[in-house]
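Pasting the structures in now, so scroll down.
Two complexes, one shared chain (chain A), two partners (chain B, chain C).
Moving on to the complex of A and B:
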């Protein structure tokens, strides 16, 4: 079927400005992804899935400029013992990174997986993204698979002693970065991955995660404080039997962020928790779009998203739980809430459940509200000044999402960032 | 200590006068009780004194040790020594009880130019005071008042009072929803805080609480005014005969 003209024109223009990397073992996967983009067309304003978020700056040919953000605040996760992998404007920077060898994990660049003949990575690249195109199209992810300029293949084979921290630096005001990571967690293996930094003026990131039976992966990311950055990220995860995937994302500032998570529970007794806390003001626009598919018995999934919005900021949540036929004993939970600190901010939510099994427990809720006046008065009557009391209640509001982070020290670091954000806005 | 003169208060949102000229003085070291039928304005008086939104003072004054209370923000009143034990303590999900207590204690100390308590010092004091109110470690850890029983919530109010050591304590129907044992425990907590430098205003419907917290003065409030003032025997009279006789007498 032909694409609508506007979409066709926009897609053609964008594709004409990109060069498909050729040669090597990923070429077929890249070409297949390119053909997906051509078939689907890039997202447009009239697409239902983009009803609440304007995709034009994410799809236009040139990345809109974003000023480099200077701060004297120590970078996120600096206090932790971790293995640092640094990217500058989306390109791996070995001189700034640690030695990539660590017991229990193998880390390679995707550009090396052909020469080094890393089968699992070749077999995974673009596969989960392609699966994730149905029932809802995600053309920006296909674009990523086709044109990704860099990325990592991370193979978790054991239990590495420290987290792997991808640090995304931004150094060029017009940088347009496309990164694609593939991650494989073996049976019984367990790792924590941290991500932070703004990455580029415009950042398109895709992460495909395959977790074998009984494997565990924790992902905590902090999308940096840069005010003008734009990002579209995709997380595709497939979970085997008794495996576990927990993801938390902190977003403060940024003019436009769309974080999609596509989770497939394919083995019995698997657990997936996807959480996010964001805080923004002014022209901040933040979109969490989540699609969790239960395709096995007795799996648990949680979606916990909290947004604090002020001065006209916009928050979007599109979350779906799909329980396939036979996925009995599913335990699905979804909550999305916003705290609107003024009348100008808005929260747009579309929670969805689609259930084809008859023995499941799924609950979902979505709320939008202001600071609880009774709680505020209670705190003030005990001597807590209004500003402090408001901050305390704001952090309390975000707590349910932050509590999804298993590591208490990392959770505390996230809370410190949120406190800083609130303090700067007094 | 607390001096209220000719206090007139109406609701901000509607044209409804609630307090119609309240005169009341609570001296340091004394316990005053206010009784009165539903809707007489007792709770409104407590809210207006602690600074809750939604009320408009149309006339009169309220001072604490000479300082005009009505001009102050709620947190400034607290720092000045005012404390209200709520009739319905508020639940605050996500804020740990201990964090709440420590934030409040240190905010008041800071406002008064005193040094903040260290975490260790604070912990020591709070544990000792919690113990006498039979508040266990779990209640201190849980979010403020969330999942607390009625009695636990009221005990938690008294714990806050004990930690903040206010000059002037107002107890708004602290006995409501308490069984006999819980009431005794709360009353003991209050009695332990009785001190010659501290005033109490106990709002209650029942004589029962006043058996445990013995008042020096009892006021009867009706239709937005103090209509009768007497000794502890006045509370007994209410208990035995209800308000009808007193109201008829002052009408």
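Moving on to the complex of A and C:
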């Protein structure tokens, strides 16, 4: 079917400005992804899946300029013992990174995987992304697969002693980064991955995660502080039997963020938790779009998203639980809540369920409102100043999402960040 | 029914519920009336539009209104976002106007109506006589005579065959007649309100309806009047290959009250038939309208052959302050349902309520829900939706709650529960929530376990175990919806009361 004219024009223009990396072992995967983009067309304002977020600046040819945010605050996760992998404007920076060798994990650049005749990553690159194009199209992810400039292939084979920390530095005000990671977790293996930093003026990131039976992966990311940055990220995860995937995202600044998570539970008894806390101030638009598919028996999924919004910030949540025929004993939970600190901010949500199995428990809730006046009064009557009381209640509101982080120290670091954010905005 | 008997039902779903769903899914109105009909030529074009207008003896402005709608419709595309699938409809392969020959000369009173038609309604349990119509309903004999009268407007295919109690209503100042009569007799009201809630080009089916609607009901309740009886319209599709396009316009002027009921059935046929209605309700200051529907169109057979495609646009506009509207619907019929009775809460402190039970069995597909658009300050809305799927049916709740920036201090509470009977059916929830101010509270829940903690605590305190307490509270909730149905639907409600949402999936 031909694309609408506006969409065709926008897609053609964007594709004309990009060059497909050729010659490597991923060329076929890239070409297939390019053809997906051509068929689907880039997202447009009239697309139902983009009803609440305008995709124009994510799809236009030039990345809009974004000033680099100067702060004396220590970068996130600095206090942790971790393996640092640094990217500057979307390109791996070996001189700033640690030595990539660590027991229990193999970390390579995707450009290096072709050196080997057989490499697991060749069979994963673009595969989960392609699966994730149905029933809803995610053309920006296909664009990523086709044109990714860099990325890592992370193979978790054991239990590495420390987390792997991808740090995305932003140095050029007009940078347009496309980054694609593939991650495989073997049976019985377990790792934690941390991500932080604004990455670029415009950041298109895709992560494909394949977790084998009984494997575990924890992902915690803090999206960078640069106010004018834009990001469209995709997370595709496939979970085997008794495996576990937990993800938490903190987003505090950024003029536009769209985080899509596409989770497929394909093995019985698997667990997937996707959580996010976001605090937005002013010209801030944050969109969490989550699609969880239950395609096995007795799996558990949780989606917990909390958004604090002020001064005209916009929070979007589009979540879906799809329970396929036969996925009995599914336990699906989804909550999206917003705390609107003033009258100009808005929360737009679409919490969906699609269920084809009868012996399941799926619940979803969505609420939106202001700070509880009674709670505020209670605190104030006990001598807590209004500012402190508001912060306290705001943190309490975000807590349910932050509690999804398994590691208590990391959770504490996230809370400290949120406290700092609130304190700076008194 | 056979299909249900074989269904493996998961633990926790009680047998009474399964039986009740099977019972309501057995179609009792599938017979047809053998009556001589007069058809307009097949298909739709400006000539057909003019012909319908002419048959209804409409003034020029109405014909023009229809033609403009038709022109608009030709440029529109059929919507495809609903979770329903059906073969492409050939809009030129059906009749848009069919009326019994005996209706050629409009009967002056009910006594002159063709006995065959009267017998049809008698058989449907809606005798077109000025009497209590509660015959056959348990407990009706105890109902007070006063206030239990129901005026009926009966629509047979494309025409209204008669309206009861018109005189008594007139004395109260209430206008209740067919819309074709209203266009002739009360053009000033029709001109002012028609299309003011559902604009001509609102959506594909509403636009088609605007062009070709043949009849329907019209209600005007003057300021301060409490309508002395309940009003109802009974729609019957009888002719084959004929679409029914009715239009209902209800105006509740300042401080008035009216309760309106709607029922519908159709014969059992192998070929699907189209029904595309538009209902517009205008509610002025301090007025209140209760609109209740038991939708029981022919749902098609177990293989999904035949049935009615029910594409309906219903919308209430609470224009004045403190206006109130309540939609209650029980949806058991139709092969495909596409229906979202909505409330525009424009007036300050206006209120909208939506109670729905949708039961889909065999190959039925229902995509239904509501829109609550909060525009005025301190507006309130409540949505309670229960979807039950059995056989291979698909049941979708689709809704919108929108709090506009100016709708300060508004409230919405939404609860939608789904129950699946068997593992071949589906239950879906697609709510849209848009909150654009912070003094409003919006709550959406879709789970039975989230019953009110206080109520649970109360029950437990009195010695019930948790499960019992939850069951009691949830069942009480479901019955609440049924109790919102007027007495006239007591028969249907009696069947549905057996339905519980224990074992619901969320």
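Observations, loosely collected:
By our rule, the second predicted complex is superposed on the first by the 424 of 426 C-alpha atoms of A that agree within 3 Å, B and C clash if a C-alpha of one lies under 4 Å from a C-alpha of the other, contacts with A are read in each partner's own complex, and residues count from 1 in each chain.
One rule holds for everything that comes next: a contact is a pair of C-beta atoms (placed from the backbone, for glycine too) under 8 Å apart; a residue touches a chain by one contact, two chains touch by 3 or more.
Here the structure is a predicted model, which means the values were calculated and not measured.
Aligning the two structures on chain A places chain B and chain C side by side, free of any clash.
Contact with chain B, but none with chain C, is seen for A:379 once the two complexes are overlaid on the shared chain. In the overlay built on the shared chain, the residue A:353 is in contact with chain C alone; chain B does not reach it. Applying the stated contact rule after C-alpha superposition, one finds that A:396 touches chain B and leaves chain C untouched.
Shared-chain residue A:42: touches no atom of chain B or chain C. Across the overlaid complexes, the C-alpha centre of chain A sees chain B and chain C at an angle of 70°, to the nearest 10. In the superposition on chain A, A:388 contacts chain B only, with no contact to chain C. With both structures placed on the common chain, the touch criterion links A:343 to chain C but leaves chain B unconnected. Chain A has more of its residues touched by C than by the other of chain B and chain C.
Closest CA pair between chain B and chain C after superposition: 10 Å apart. Against chain C, the residues of chain A that register as touching in their complex are 48, 325-326, 328, 332, 338, 340-370. Interface of chain B with chain A (complex): residues 50-53, 73-75, 77-79, 83-84, 86, 89-95, 99-100, 103-105, 107-108, 111, 143, 160, 164. Residue ranges on chain A touching chain B, taken from their complex, read 372-375, 377-386, 388-389, 392-393, 395-400. Taken together, the chain C residues at the contact with chain A in this complex read 9-11, 13, 81, 403, 405, 408, 418, 420-447, 449-450, 505-506.
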